[in-house]
Structure formats: C-alpha cells, structure tokens
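The two complexes that follow have chain A in common; it is paired with chain B in the first and with chain C in the second.
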Partner chain A sequence: MTTIALGATDIRKSYGPVLANQGISLSVGPGEIHAVVGENGAGKSTLMRVLQGIERPDSGHVTVMDRDVSFGGPADALAEGIGMVHQEFMLAPDLSLLENLVLGDEPVRWGRGALALIDWKSAEAQGRELAERIGIEVDWHRRAGAAPVHIQQFVEIIRLLRRGTRVLILDEPTAVLAPQQVNELFDLVRRIREDGTAILFISHKIGEVMSLADRVTVIRQGKIAFSAAIAETTGEEIASHIVDGAKPVTDEVKRGTPGKAVLEVTGLSAATVEKSHPLYDISFSVHAGEIVGLAGVAGNGQIELMEALSGLRRSIGRVELAGVDLSGLGADRRRAAGIGYVSPDRRQEGLAIEASIEENTIAGSHRSRPISNGLWLERSAMKRVALERLSRLSVKYGALHDRVGSLSGGNQQRVVFAREIAVSPQLLLVSQPTRGVDLNGIAAIHGILRDFRDAGGAVLLVSEELDELQVLSDRIMVMVRGRIVGTLGADADRREIGRLMVMEGAGA
Partner chain B sequence: MSNWMDRGLGFAVPLLIALSVSALVLLAIGESPLDTFSLMLTEGFGSPRRLASTLSAATPLLFTAVATAICFRAGVFNVGVDGAFLIGGLAAVVAGFSLPAELGWALAPLCLAIGSVFGAAWLFVPGWLLARLEVDEVVSTLMLNFIAVAITGYLVNGPFLSRQSGNNVTPPVHEAAELSRLMPPATLHSGFLLAIALLAAYAFWTRRTPAGLEGAWVGLNRRFSRMVGVSVQRTIILAMVLSGVVGGLGGAAHGLGQLYRFTDGFSAGYGFTGMAVALLAHNSPLGMLIGAILFGALASAGTTIQLFSDIPLDLVNIIQGIVMIFAVIELGRISIRRRAKA
Partner chain C sequence: MIEQILASGVVLTTPILLAAIGGLVNRQAGIVNIALEGKMLSGAFVAIVISAATGSWLAATLAAALASTLIGWCFSLTITRLGANMITAGLGLNVLAAGAIGFLMSYAYGSSGTLRLPDVALLPHVFPQSVESVPLVGQLLANLDPLTILAVVAIAVLPFLLSATRFGLWIRATGNAAPVMRSVGLKPKLLQEASTAFAGFFAGLAGAQLALASIGIFNEGLTAGRGFIALAAFYFGRDRPWQTAAACLLFGLLDAAQIRMQTVGLPPRLIGALPYLMVLVALVVSQMRSLRRTQ
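What follows is the complex of A and B.
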C-alpha cells in the first residue's frame, strides 16, 4: 500500500541571493487532494518546477510512490507518472481534440516508426472511455482552439490520465473558468481522486481550497507557514497565515491629513469582458492628501475598477473629479482632467518597452507646449523636459535614447512615476507599484507616493501585498467579487482585513 | 544588430547571399560571375543616361515603399498600396485628359492632387473598418487590390478606352498635365523629385511630429498608447489615409510622368515590390532610398543586359527572388509578433 504518491523532503533552492525554497517538505497520498496556497512570489512555482524535474533542488529530495527519485529532466517526471496542467493550456489549437489527446503517444494499427498508421478508431474509443470514467462529454472531432476553455482543460487532464499520470498537479486551474465551469471541474477532480490519483491543487482562492481539498499547506517566503487537514481549519485561519507578517515593515509609517474630496464615485458598475471581473454598484470617495488602499484576493475586480476609473474600461455610474463630472469620458479626456494612471502591467501597458526612455518619459505631454509647438516637436525642449522629469525622481539610466526595457524593474517603474507625476494630476490610480521591484526601489516608490500625498494629491492604491497597503494607506477598502465589502482604518487588525477578504466564501 | 539594420543596411545580407547564389549559377552555366556583375553595375549606374533609367525605375517603388512604411510602423498591416496606386493613377490620368487643357501649368498639380485624394479615399475604407469594427486589414486591403484591378480594368476597356489606339489604353493626357522629363531622352521625370520630397517629409513626420511619435507608439504597444491618451482608432485611420495619399500620388506620377496614359497592367506589382523595400529597410528613410534604387537598377540593367551578353534575364529574377525571400521572412517575423500580441 502506497502512502506517499508524491513527496518533497526539505527542498532548498535559491536563485542567486533569492532563497525561493528554504526547506520545504510536503506530500500527497493516493486519492488525496492537497492544496498549496500562498501569495505571488511565495515559492509555489519553484517547488512545482522541482517536483516536475524542470529545476534541480540545491538540496532535499523528491519521493514518488514511496521511492526516492532523482529527476534528470521533465521527461523523467512524466515517466514516473507526474503530470501538470498549466494555467496556459498546452493544446495545439489547430488540431482536433482527438489529435491532441493522442499527440506524442499515438495508438498504431500497422507498421512502425515513420511508416506507422494511426489507429483512430482505437484512439477515439480510448478517449470516450476515459471521458465516461470521469463523467464528462467531449466532442472529440472539434478543433481544440474552438472548444470552450473548460473542455480544453478537461482534455488536457484526460490526456495526462491516458499517459498513466498518477499524480496530477493543477496550477490555478480556475483562473480562466466561469463559476459554473469551476463546479464541473471540481466534480471531475473529485472523481479522479476516487480512482486513487493524487492531486496537488495550487490556488490562492481560499473558498475553492475549502470546498475541494483534503489538506492545505500555506507557503510564505519560501517556507511552510501552516499545514492542516481541511476539516480541522477554517478559511480565516488559512487567510491569516497567507498574509501574516509576509514582510517586515521596514519604512516608517506616516499618515496623511485628508482634505476635501477629490474623487467621488457613485453607483459604478461594469460588465465582464473576457477573463475579467464585473463590478457592481461601487460608491466611495478619495480625498486630497489621502492614500486609499484597495485590498482583496487577486482577481476580485480591483484592476477592473482602476481601469474603469481611468477610462480604459467602459462603465456606468457617476465619476466626479473635484466636482467635475467625468462619467462616460475616455482615457484621453480623463487624463487631461487630472487622473494619472500607474498600470499593474508595466511591460505591456505602463511603458512602451521597445521605445526610448525619452519617449516613455514625455508620452502624454507630446502634444502640448513646450514639447510641441502645435505643428512639430521641439526636440531640445523634449529632451530638457525628459531630463528634468527623470532627475526629479533620480532615475538611473545610461542615455535618453536607450530602450526603456534596458532599465531595471525599479527604474522602469520610476520612469512611469516620473511621467505620471510630472503633469501634477489631482488623482493617481496606482496598481501593484512595487511588483518586480527590488527592496531599495520599493522604499523609493513608497517615498514618491507619500510625497505626492503630502503635497495634497489623492491616491487610490491596489496591491496584493497587504503590508504595502498597511504601510502606505490612510484607509483600506476591501473588495470581494466586484463589490466593496468594507472600509477599515489603516491600523486595523490584519486578521480583520483577512476575514473581509474571504467573506461570502471568498474567491472567484 | 537591429539598430544597425534600422540605419538602412538591411539589404546588405540578402544582397550578398543573392549575389553568391547567382555567382554559383553563372559558374554552372560557364559564365564569369565577375564579368557579369561588373556588366550589371555598368548597365545600372555606368553613365548619366543609365543612372537616369535606374532612378526612373526606382520612382514608383519610392512612393509605394513610403506608403507601406507609414502603415507598417503603426502596426497596420496594409498590403493594399498596389490598389491605391492603380486607383490614384487612373483618377489622375482621367483628369489629365478630360479637364480643359486651358488650365495650363495648374493642370499637372491638380491631377496629382486628384490622384492622391482617390488613393486616400480608397484606403480610408479598410482603415475605418479596422479602427471601428476590427476588420482584419490584411484581408480587406488584399481584397481591395483585386477590386482595384477589376475596376480599373473595366474602365480602361470600357468608358475610358481610347478610340485611337488598338491597345487597352486610355487617351493620352494633355501635354500640360505631363510631368517634365529631367534628362531627356531618359524617362526620368519630376515625379522622382516628388518622391524624394515625400521621403524627406516621411522622415520629418516620423521623427519630428507628435502624430509621427503616436504612430510609432501605436505600432509598438496599443495598450500603452491608449493609456497615455493617444486615440488608437484615429492613428490607424490617419496611417491608412496618408498611405493612400502617397500610394495615389505614386500612381498619378507614374501615369502623368512615365506613361502619359493609363494602361491595362498599369502597375507591374509596384505595391508589392515597394512593400519588400519597406520591410527590408525596417521602414527607415535611408534604407528605403537604397532599396528602391537597388530594385530599380536590377530592373533597368536586367532589360539591357541580355542585349549585350549571353546572360539570360532570369539571372535578374534569381537575384530579385532571393532578396524577396528575405522580405517574406521579415513579413513572417512581423506577423508572428502581431499574432502574439493579439
């Protein structure tokens, strides 16, 4: 009788000075669903890469079916029966689902090697049998790219089962699914469990963990922070371990002195577009000289709210900036009215990564004096403005015409702030300002935000780091499923914030 | 490397490989590669008359290359410059023989303007469809090329067919509408000067105007452009319309300066050769100048070379074909990037 289907013992792995895994041990038995949760960057992905043979651990070992193994590469892990379903599906979109099912391991009717004939009848019979066993229906002749996402995901799972997978790793499998599809997936995963397959379920949605898993392990800063049977814990307890003391508070906390209301939002709603979260009837205000933090589990509508306020996403409801109605206006008009925007996606939206540092620094001001005289660009003025802006935030760079992508993450983000703050906006919408930024950069960016606030600016701040929100914010609003469920003072107990974040079963 | 290519040397590698392959072909058929290449060089650039003939052949390519580059740098995959060239050419020629000759010196500029307006209107349609309805511009502009061939083909064989000629041509334009020849008897005409002026204007537009900056940003990153307040829709439509203006002017200059009339088969694939030039030049003005002259030299040397040697014209086709392969590779590279972004 096997007791450990897949296990890790004291895994350590570092990338240069970054200690991604610092002695992690966990295991999953046959017929068990083990959830692994933690914030972005906690070390979940590194652990999974080790378990799949993609990375070699610095020390520690991996156990499969009660035997210690050493993986030379991903193929070894696959041969041991370890299969992973990634967030981004790996199906070939232009092949049929059946072709995808057998790709790489086709049943052969006649001949061998390059001359072999594929036995499509037997392939389809196998597919049907596997689908029946886990209780789903699949139209095998459909083009994979045209099939609904959850069907693609199911086929990927069936494909792994067909190849003899005994340990299934699911990497945030619900991120791309609608609620109804999530239920179907969970039913399917439970049936697979009954067949004796071991399942590692990676997620940061606590509601899903509570409803699906048998055990849960929380990883924080590369270490095991908590591990328990689901029956013996609660969502709040898990949430508190995910967020608790995630990072020591290093910079001093200094609160602002709020003045009159700058941003007033009344009854804002927005529809879902692909892979986004709808917003329901949101009302709040942000005052001058105040940083308002927006907390929530990732994917609960925070980013969508920021986009709606900046005019990048269509919404209904009233948005007023210092008494001026901006409802229905697009991004260009809202920017002109005094809303600055720091995108959560620095490389794809916050910057034009292939363009020069100079262009990225002056973008948005390129149509007004002194850079443009109405007809053409005054290159010397453009250069002067860029230099001024960059030196104000002490951005370190080589030359103005270098690609902005050549800068470090922290300096890239400073370029974004240099551009956004230079035009003295009344309101700054800031999302994930320190993602991918080193420690010194983080302190500098926090300083920039505080200075802006102290000069009378209003800031709405989204961050997945609760510490960051608590250090910077004067008030914290909590968002769950596209609604604001509560507002707390910045000194509120983190457990209280965590409790609000997982309200209504939390998650999607 | 990419910086180096952008400065206009994107042709060096394709050309070297093309010359090596043709050298092998020449050796195989028992000819001396060196003699042949030096003959080609002489035929292309060896005397003022030959140089004029090369520049004359390069003229339509300069127009179509600039027209293509305006769109490609904004990430708009316009392959319909050939259609704008035909439509602009026919419109200018029809104006050139049907407007009163008494307009005198004003006639030629007027005809050019009419050609550019028709070209602009022609490409405004796919631009609007792309910006407002997200209709794929590759498909729409490619289809519009066929429509342009069909419409101009019908008109030149029907309503505008010349009664004085046995061929499928329109009547000639008034003498006043003709663009002056710069070095008679060579066909080099003042349309070449217009093309150079447009190339300079393109260089200025890309580097020194807000709209030019916006075009580049939209080409690099549409989300960023939207975020900093640039209207992506307006930029796309503007790129298409400007491309139509330049393409239409190219056709008008070709009709008024080179042929003096519109004929069936008016464009010898100029839109597509121009696209290859823009692709290999990575949209850089200097690169497009070099590329257009290179293709012009091949075309003009190719026609005379077989008069003076045993080398078949196919040799020129081999060289052009190999350079084209590199253009297609570049096209594939861009389209993969484009799909990855979508």
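What follows is the complex of A and C.
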C-alpha cells in the first residue's frame, strides 16, 4: 500500500543570493488532493520545478511511490508518472485535439521508429474512452486552438492520464475558466481522485482550496508556513498564514457615483485574427466616476475590444470621448484626447522591460515640454517628472536608472499606472491589472483605480478574476464571442454572471 | 513552341521543386531555410566533381545529396545549439558556400568562374527517344530524368508522410509549438536538425539536377537565385505540398517562356528578370490574401 505518491523532503534551492526554497517538505498520497498556496514569489513554482525534474534541488530529496528518486530531467519525472497542467496550456494550437492527445506516445499501425504509421482509429478510441471515464465530451478533430479553453484543459489532463500519470499537478487551473467550468473541472478532478490519482493543486483562491482540497500547505518566503487538513482549518486561518500572520489587506467595497457619460460606443465592430472572436455591433457607455467591469471567459473578445478602443486595432462604428468623435483615429491621437491604456501584457506592451524605470515613467510625455525642448530631452526635467510621478503612486524602487524589469510585478504595474494617470486621462482602459501581482500589491492597485474613479475618472476594466470585477466595478458587462450579452449591477449573483459567460448561441 | 516550353519548363521546375520540398518540411518544423541557395550550389559542385571522377551519375547525385545533408545538419546546429539567428546564419552560409567553392575551383582546378571537367556523366533519360512522337508531351517525356520523377513522387508522398507518420506529426508539432514537444518528452531541437538535414538532402539533389541535367559544366552563377525562388514557392504555397508544387511549376514555366522570348529578340536582361519579378508579385499577392483573412 503506497502512502506517499509524491513527496518532497527538506528541499533547498537557491538562485544566487535568493533562497527560493529553504527546507520544504510536503507529500501527497494516492487519492488525495493537496492544495499548495502562497503569494507570487513565495517559492511555489520553484518547488514545482524541482518536483518535475526541471530544477535540481541544492539538497533534499524527492519521493515517488515511497521510493527516493533523482530526476535527471523532466522526461524522468514524466516516466515516474508525474504530470503537470500548466497555466499556459501545453497544446499545439494548429494540431487537432487528437493529434495533441497522442503526441509523444502515438499508437502505431505499422512499422517502427520515426516513420511508423500512426493508428488514428485506436487513438480516437482511446481518447473517447478516457473522456467518458472522466465524464466529458470532446470533439477530437477540432483544431486545438479553436476549442474552448476548458476543453483544452481537459484534453491536457486526459493526455497526462493516458500516459500513466499517477500524480497530477494543477497550476492555477481555474484562472481562465468561468464559474460553471470551474465546477466541471472540480467534478472531473474529484473523479480522477477516486481512481487513486494523487493531485497537487496550486491556487491562490482560498474558496476553491476549501471546496476541493483534502489538505492545504501554505508556503511563505521559501518555507512551510502552515499545513493542515481542510477539515481542521478555516479560510481565514489560511489567509492569515499567507500574509505572515498580519491581517490581509482587504478591499473595502465602495461604489462610485457616476456622472455624465465619458465614453460612448455605438455599433463598434472589428475583425480579428482567426484565433479569437471578431467584435460585433458593440454599444455601451462609461460615465465619469464609474468603473465598468468587462467579464468573460478568456478569449471572447475582451482584450480585442480594449485594443479597438485604444486605437491599437482597427474597427468600425462610433467611439466618442466626452462628446468628441474619435472614430478612425490611431492610438496616439486617442491618447492625446484623453484615453489611458493599461495593457494585459505588462512585459511586452505595458512596459519597455529592458529600459530604465525613469524612461518608462515618462514615456509618451517625451515629445512635449517640459521634457522635450524641441531638439533634445532635458535630462533634469525628465528626472523631476519621473520622481514626481513615482512618488505620487509610492512605487518602491532602487534607482531611477534601474531596469524596470528588475522590479516586482506589483511595482512594475504601479509604474504603468504612474505613467498613464500622470497625464490626467478622462478614461482608463485597464486589462488584467493584477495578474502576477502579490496580495498587498493587488490591494494597492485596486486603491489606485478607486482613487482615479473617485476623482471623476472613467474606467473600463477587464479581468479574468470575477472577484476582482465584483469588488471594483459599479456595473459588469458580460462578453461572449465578441458581443456584449448582458449588463448587471455589481452586486449581482456570481452564478448569474457565470450563466451569461457560458451562454451558448450568443455568437453569429 | 508550346511543346518546347512545356519540356524545358519541367526541366527548369525540377531543381526548384526539389529544393522547395526540403524547404517546406524545414519550415513546418519552424526553421526558415534561407540557405537553400548555398546548399544547391554545393550540391551542384560536388555532383560535377564526382561525376567526372567516377563516371556515374548515380554516385554523383548521391554524393551531392549527402554533402548538402551534412552542410545542412551543421548549419542547423548553429541555430539550435548555438542560438544563431536563422536568417543571419542562412545568409552567412550562402556567402560561405559561394566563397569556398570559388576558392576550391581556383586552388584545385586553377579555373575561375567556370569549371569544365572531362567525362562528366549526365543524368540519363528515363524513356527511350521514341516517346517523342507522343503529341504535346512527347518532348517532355523524352527529356524526363530520374530526379524529376523522384521530385514528383516525393510531392505525392509528402502529404501522407506529414499527416500519418510519427515523424510528420513531430515535425508539425515542433514548428507549431516547440515547448509542447518538450513537455511531452520529445526533443524539438533534434527534429529541427533532422528537418534541416532533410532540406539539405533535397537541396543537394536540386544542385545535382541543375549540374547534370543537360550541360555538365559547373558555373559559379549556376543556381541563379533558384534557392530563393524555392523559398518563395513554399511561402506562396503556405508549406502545403501540392500548392507549393504548383507554384514551382509556375516559376519553371515562366523561366522556360522567358528563355524562348529572348530568342524572339526582346531585351534578354529585362526578360530574364521576369521570373524574379513574378516571385515578388506572388509573395505580395499571398501576403495580401492572408492580410485580408485577418482583418
């Protein structure tokens, strides 16, 4: 009888001076769901990399099925039956789901080696059988990139099970799912548990941990801060251990008092690249002193709508900002008119990650006085403006000329906000503002958004975290397949929001 | 007239098609092979030298293919293992191949530009001369060489190879999402290397065909940009075998027509630019097509 399906004993791992794991021990048994929680940078991902054989620990050892093992690489961990479902799905988007299922372990009809003919019939039979066992339906011939996200996730889980995975590691699996899909996922995970599979569930959502896990371990600053059976603890207790005993900064829900319309969109449509949904006939408005949330399952056109409004994507239809027609204008003209943009992709689009903090803070203002005098940049003015902007949002940094990429996720995002808010826009388009930001950083960013709203600013907010939308927004619009399918008050039941998010037949 | 254009068009299509076959497999694995030109030239040079030395077209063709395979494999290592930029490395290889061949020609044979060797064995004709009496395609059949047949067979087999074999699936997965390959325990770099060696093999065959199809003389300008035309062909055909073959045939026929027109008295240099101009037009058209799809 196996007692430890996957275990870590006194794992230590450091990267230069950073002690990522300082003696972590935890284990998961067959048929058990063990949740691992902690803030970003607490050491969860390092531990997972060790358990998957991607990193070698400096000391300590890994146990699989009650045996000590030493992984030479990820292939060894895979051979031992350890499989991980990543946050970014590991499916090749242009291959079919069936091709993705068998990739790396193809059933063979004839021949051997690389030129062996793949037996697609038996591949499909295997896929169908596995899908049935965990209670889902899959159209195996669909292109993976065109399948809904939760199906992609399920296929990835099926792929691991097919290859004999006995320990399943799920890394923040619910981040991209709608509430109903989360329920489906949890049902599926519970069925897998019944088969005796051990499950490590990485999450930062305490509610999900409480409802799914059998056991929870909190990692803080590279050490185990807390570990208990779910039945013997509470959500509050877990939360307090995540943030070092201190009471976590909680968001006070405070609604705004909307004034006159700032953004008015009428009949906006935009074609998009084939991998997402085109926008179709979108009309809405955002008022001064109001945060409007845009909810939807990832990939239903929310990001595309933000890009269309900011001028980064071509669109037709009418866009007015405080009565001024901006239709057809490019991004620079729209910025000048008073639209600020916080990109969902901080590293590629939100910041010039290799450039300095100073340059990132003043970017966009470098073409006019006082920073530009028409010929060159005034270094002293640049420094003065940057310092002032950074202190306004209390960004923590070493020196102005440090790479912005050297800051933590939360401080990087504050730099983005410092830059966008400094030019006093009337409207902020904000996408995924707290992705990769730790708990206290999240509270600070929420504070920035509320302050902006309370000062009369209008905000359109996209987030995959429904909690975040409900805490911040005054109204929530739901988007499905490039259309807005409903608008609800911020206090609406999240099941109602979830129902709209997975509404079928909303598209053309 | 049509007969002749058809016949010489097919002869001119073959080297482009052979190179494009390798290039499209290579690109499906995620490597844009800009060095087809250099590998074709190396193949042609090796083919002439070995053909003169052994008197066997088969030995010469195999030697050309293997030499280019080796070059292709080494080339891929600079990209996969040393992190070279594939475009820069490819351009570098083209320059290196031309330079090294020029050096070898003057050092070993004391000739510059053109290499004439005695007893070069040319590619045989597959059918007896009597097929020339067949209407329309008679001349084409009479001129048919084994490498053209190989190219056609390869194009016919390729879709099956890519969709039904492990190797094909791995190649497509590598080009589409290399991290996925790694996550399922496969080695995408190895696949990229294999596909580049494959491209080298076919570029070598293309070179051998250029050198041994009719003249049996090596010239530094022998490939005349055909490696790049092949590149354009599989871009235009979006890496799909049949579409790529159609593009190659179009370029080959244009080339043949262009040679005909020169004899009619039109300015030869201007007409000579026609196939390259068509490549440009083809690329613009295909790009516009894909832009329209995304907007």
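As a convention for this text, the second predicted complex is superposed on the first by the 254 of 508 C-alpha atoms of A that agree within 3 Å, B and C clash if a C-alpha of one lies under 4 Å from a C-alpha of the other, contacts with A are read in each partner's own complex, and residues count from 1 in each chain.
Definition applied: a residue touches a chain if its C-beta (ideal position, glycine included) is under 8 Å from a C-beta of that chain, and two chains touch if they have at least 3 such contacts.
Computed from a prediction, not measured in an experiment: that's the story for all the values here.
When the shared chain is aligned, chain C comes close enough to touch A:L78, but chain B does not.
In the superposition on chain A, contact of A:A363 is made with chain B only, not with chain C.
Of the two partner chains placed by superposition, only chain C is touched by A:R314; chain B is not. Of the two partner chains placed by the overlay, only chain C lies in contact with A:L91; chain B stays clear of it. Of the two partner chains placed by the overlay, only chain C lies in contact with A:D105; chain B stays clear of it. Within the superposed three-chain model, A:D332 lies in touch with chain B and out of touch with chain C [touch as defined at top].
In the superposition on chain A, A:I118 makes contact with chain C only, while chain B stays out of contact range. For chain A in complex with chain B, the residues that touch the partner chain are 310, 312, 331-332, 335-336, 341, 343, 345, 348-355, 359, 363-364, 366-367, 371-372, 375-377, 379, 419.
Residue ranges on chain A touching chain C, taken from their complex, read 74-75, 78-79, 86, 90-95, 99-100, 102-106, 108, 113-118, 120, 159, 163, 271-274, 314.
On the side of chain C, the complex with chain A involves touching residues 164-167, 169-170, 172-173, 176-177, 179-186, 293-295. Within the complex, the chain B residues that touch chain A are 204, 207-210, 213-214, 216-217, 220-221, 223-231.
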